[in-house]
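Naming follows writing order (A, B, C and D), and every chain is counted from residue 1.
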């Protein structure tokens, strides 16, 4: 392999990683934008998605069916969490809601260790994408291309949803002025619930499709959470565009850093974040949708 | 006056402060209550010394978190030995008091302190992580309590030559150095090295590189991903691009599973054979690695397929007792218990630290791993086996393909 | 020299002009009412003057000094005080503490850390004096959140007065008050020192007439009339603006 | 009511004004007899609780008054611990010097992190402190020559005092007790001072504070730096007590634990966080003896506190007293 081909491989890996982060960051950003709540249990639902996936792929024998069922279960769990924990707290300080999501994260972390043990669990690729493909002499596992593709698709879908649909305009309005939305007669509780569940479902989805690459283990939840928070801080809270660019920036920096500056690999994304904050404390993109 | 009043303590505005004095009294009562609870809760464990008292052995191992399985294996290995002795040595019963170290050195040191101070244990054993071991060594040196390390492989743990510290696993160097020479002897000259970027990773890789260089081999390049890394694609790309004759790695636990699987998935296993430190392909990782582990050759002081009478008996007893296969970690625990037990037999149940140390120094025995004796730093002198992971008996096992005898840590 | 002067002040929210080319000048001690239909940009103008938001164009002068880029805290230090349309109090603190915070700033008792805040006699004296002025002495130990709405409006004014501003912006000081409370507020405002310049946003025309000698009318962010009450009342554009929202002259008093 | 209040302000008795201090001093006296009656184990237990209570107190000050919710407080604790540990190991184990170095370095770090993070507010502030603290955490792992890497810094000697005294378990306990009381008095003085009142105002209504002429950032920064330095002090004590410092001390889960202590004890008071530290420590060590699921139970207890007792044990004690009095 030539240097260029190696670089291309690294870039593709970085992009795949970045788009995985984007799916997570998009969910986190959506929830924040609507509810002013930073969901500290975001990584936990990633974990749940991953663990469910490992089990269901085995049990159901069909990767795609397992994907649908896992995301569905995560959504139901999210709905239960929303109804039992967050909904009674909507008239309280946002901080209380953030604290609750943190408590939830602690519980899920320990529960996952209880149920699934502490060893790493892995999932196979779907049969369709288990091969490597060669593009211009660059060998890459086709699954990573799929992750990139799915990420792009999702970015487009979210853009269309928020910019071109009625639901989207309500959500956008809710982000800028919550009182107005409820004054216009929309059921704000239902919208909150819907957005929260969608955000968590995205996290679960990311957990499922990320597991063939990263594996899943108790403890990964907080690692993922921190990474996602960094992406969102760099991109700008509540900005979907910001989440997209920051995900790719962090994903590529992480991978290229590992490849070319291995001894600084773990520091490098924090440094990127620190620099961005120095220059633009509010993140690369301000709070605003697409 | 609402509950919000407490938001501003010491508010110097009349009405509320006048009522605050009883509040302060309530607070004092609360402190007193907590004090009592604290003392009462802790009080159960401590007993006073006496002739017929059991021998109290403190076990500090991870029972939760990423290393929980290792902790359990070591504990079971220890239990196996003591149960073989009828839970009694030299007429005194043996009591194992376990404390969880998690994967956190602070918790580990606190666990050791609790055992020493609250439970007044006479011997301490355990620690999976070297960081915990280093922390505990400071503690036991002050209190002069023999410390038998059943896993932590940090080179300096024994190289410091602290009289109360013993080890029944190995030093990092001991595990990895012999393979450097072995590879060169078997025609592999150019090797790529990778290990996680933390103390154990550096030590293991360091030992291997030393062995490789001593035998005239050549280090192609090296890579140190962060500990707990989950995506190795970048490093694998770099290895593939460097096209060495072989790759030597040390990873443990979760990292080992990820690395070995991804190594196989990237199709590297065929072009660049994978060698490594034995901990990379062990009982705790093999199941997760699956077929990806097959063909990997690693060096360690034990292999489940080792053919000697002690091992056969050990495996049989362990299986009947715990209904599963023993791992290397179980052997380490078994041998730690053996060392403690034999020393206690020699002192006839006397737990005086200096007498115990002297007795342990003289212990020499046939372990399931083969012959084992201690060097002057209390680190084992033992065989290192080159093992190959093969599919047999319906599962993947490490099969011994070569033996390097009586490997001794070079010391400080 | 005028107490406050705006020269061509414009602010856009996106493409939407919130205030457009607003210019006027206020003499020391003048009492001016700022009126206009809802959404005419009155509160935006207050936010521009007090430094909460920065204008896109134009200059704001306070006592002749260019304060266009000043932050709210610098504006306050330069002698501008304001009240808020929605009560903006320290709800968990007592009335006394609410006012004391503002007095503390005026007296420059800030980074003092060793002595208890109660050991500053001048602080107590001045705070009690302000409480007296806004008729809250009897409420001084109550928490702000436990006051009646009218009393909270009084406290809102008290906090602003406690900084001893030269120019005071009052954002609907009587909004939501009963007739009796309104009367009391008007009395209180009338009793303010003569050299204090007042700019009042107010919907209640009785209050406007009782306090202001000059009225500025805003519509769609622009000044459409500026003069004494009689002049403004006869102004065609003003009538149109109010009729435009579907009301007659009564709307001025809504 | 009003008249009572009026007279109250003028005739506060010494006892009523200093109720909190009296409570803390009484608690300290009670603790001071522990080494005389309890075994060395209890001395260790209370030394740990006291060190953690200083840490929780410093975060509680930020959370309760200027309402700064930081998830990066462990960075100061950890840097204080490393500073004291490295200084004691390599230069001099004199406790005045080690604590001084720890205070200075954690103060400096708090200044840097404060300047960077206080440009943002609320949730953004929380996330930025978290991320910056993680940067320090990773750095502590990487800078092996100084920190010992993941193995941690070991062999930290017991501190001494100008050759007069080498601290043992008991004397060190008294040192920690003294510093805990002093830390409480420091924050109490701060809260009661004009500066503290400004912090409370900022925590309560930042917009209004600006409108009456305060620039909140400098006050917040000052509070942040003081709290960071005290957290560094507690870290230094921790290093001396344990004889080991590891990157885990800087990990954000350590910050989160302090946050749980503050919430359980009651943000908005000073005694609350200290009691919260004791409660959570005792809860966790008690749970660990009986179950492997201590994290889960801690999580549930935490959620219950947020749900039903938002003002923590201080709040519960307060309202219980209210009920009795009525």
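By definition in this document, a contact is a pair of C-beta atoms (placed from the backbone, for glycine too) under 8 Å apart; a residue touches a chain by one contact, two chains touch by 3 or more.
Note that the coordinates shown come from a computational prediction; the quantities given were computed from them, not determined experimentally.
Of all chain pairs in this entry, the one linked by the most C-beta contacts is B-D. Closest to the middle of the protein, by Cα centroid, lies chain D. Annotation: 33 Å between the Cα-based centres of chain A and chain D. Work out the mean CA point of chain A and of chain B, and you get 35 Å between them.
Between the CA-based centres of chain A and chain C the separation comes to 47 Å, rounded to the whole angstrom.
Among the residues of chain A, those touching two or more other chains are numbered 263, 266.
Taken residue by residue, chain D touches two or more other chains at 1, 5-6, 8-9, 141-142, 192, 200, 292, 295, whereas all remaining positions touch fewer.
Residues of chain C in contact with at least two other chains: 92-93, 96-97, 116-118, 141.
Contact residues on chain C toward chain D in their complex (touch as defined above): 50, 52, 71-74, 76-77, 81-82, 84, 88-93, 96-97, 100-102, 104-106, 109-118, 120, 123, 138-142, 159-160, 162-163. Looking at the complex, you find that chain D touches chain B at residues 1, 4-13, 15-23, 26-27, 30-31, 34, 38-42, 44-46, 48-49, 64, 141-142, 144, 149-152, 154-156, 188, 191-192, 200, 242-244, 246, 248-249, 266, 268-272, 275, 278-279, 282, 285-286, 288, 292, 295, 311, 313-315, 317-322, 325. On the side of chain B, the complex with chain D involves touching residues 1, 3, 5-10, 12-15, 17-28, 30-32, 34-35, 37-39, 41-42, 46, 63-64, 68, 99-100, 104-106, 109-110, 113-114, 117-118, 130-131, 134-135, 137-139, 154, 197-199, 227. Chain contact summary for the complex, chain D toward chain A: residues 69, 116, 119-120, 122-124, 126-128, 130-132, 134-135, 138-139, 141-142, 252-253, 256, 259, 263, 292-296, 298-300, 302-303, 306-307, 310. Listing the residues of chain B that touch chain A in their complex gives 64-69, 197, 223-226, 228, 230-231, 233-235, 237-238, 240-241, 253-254, 257-258, 261, 265-267, 284-285, 287-288.
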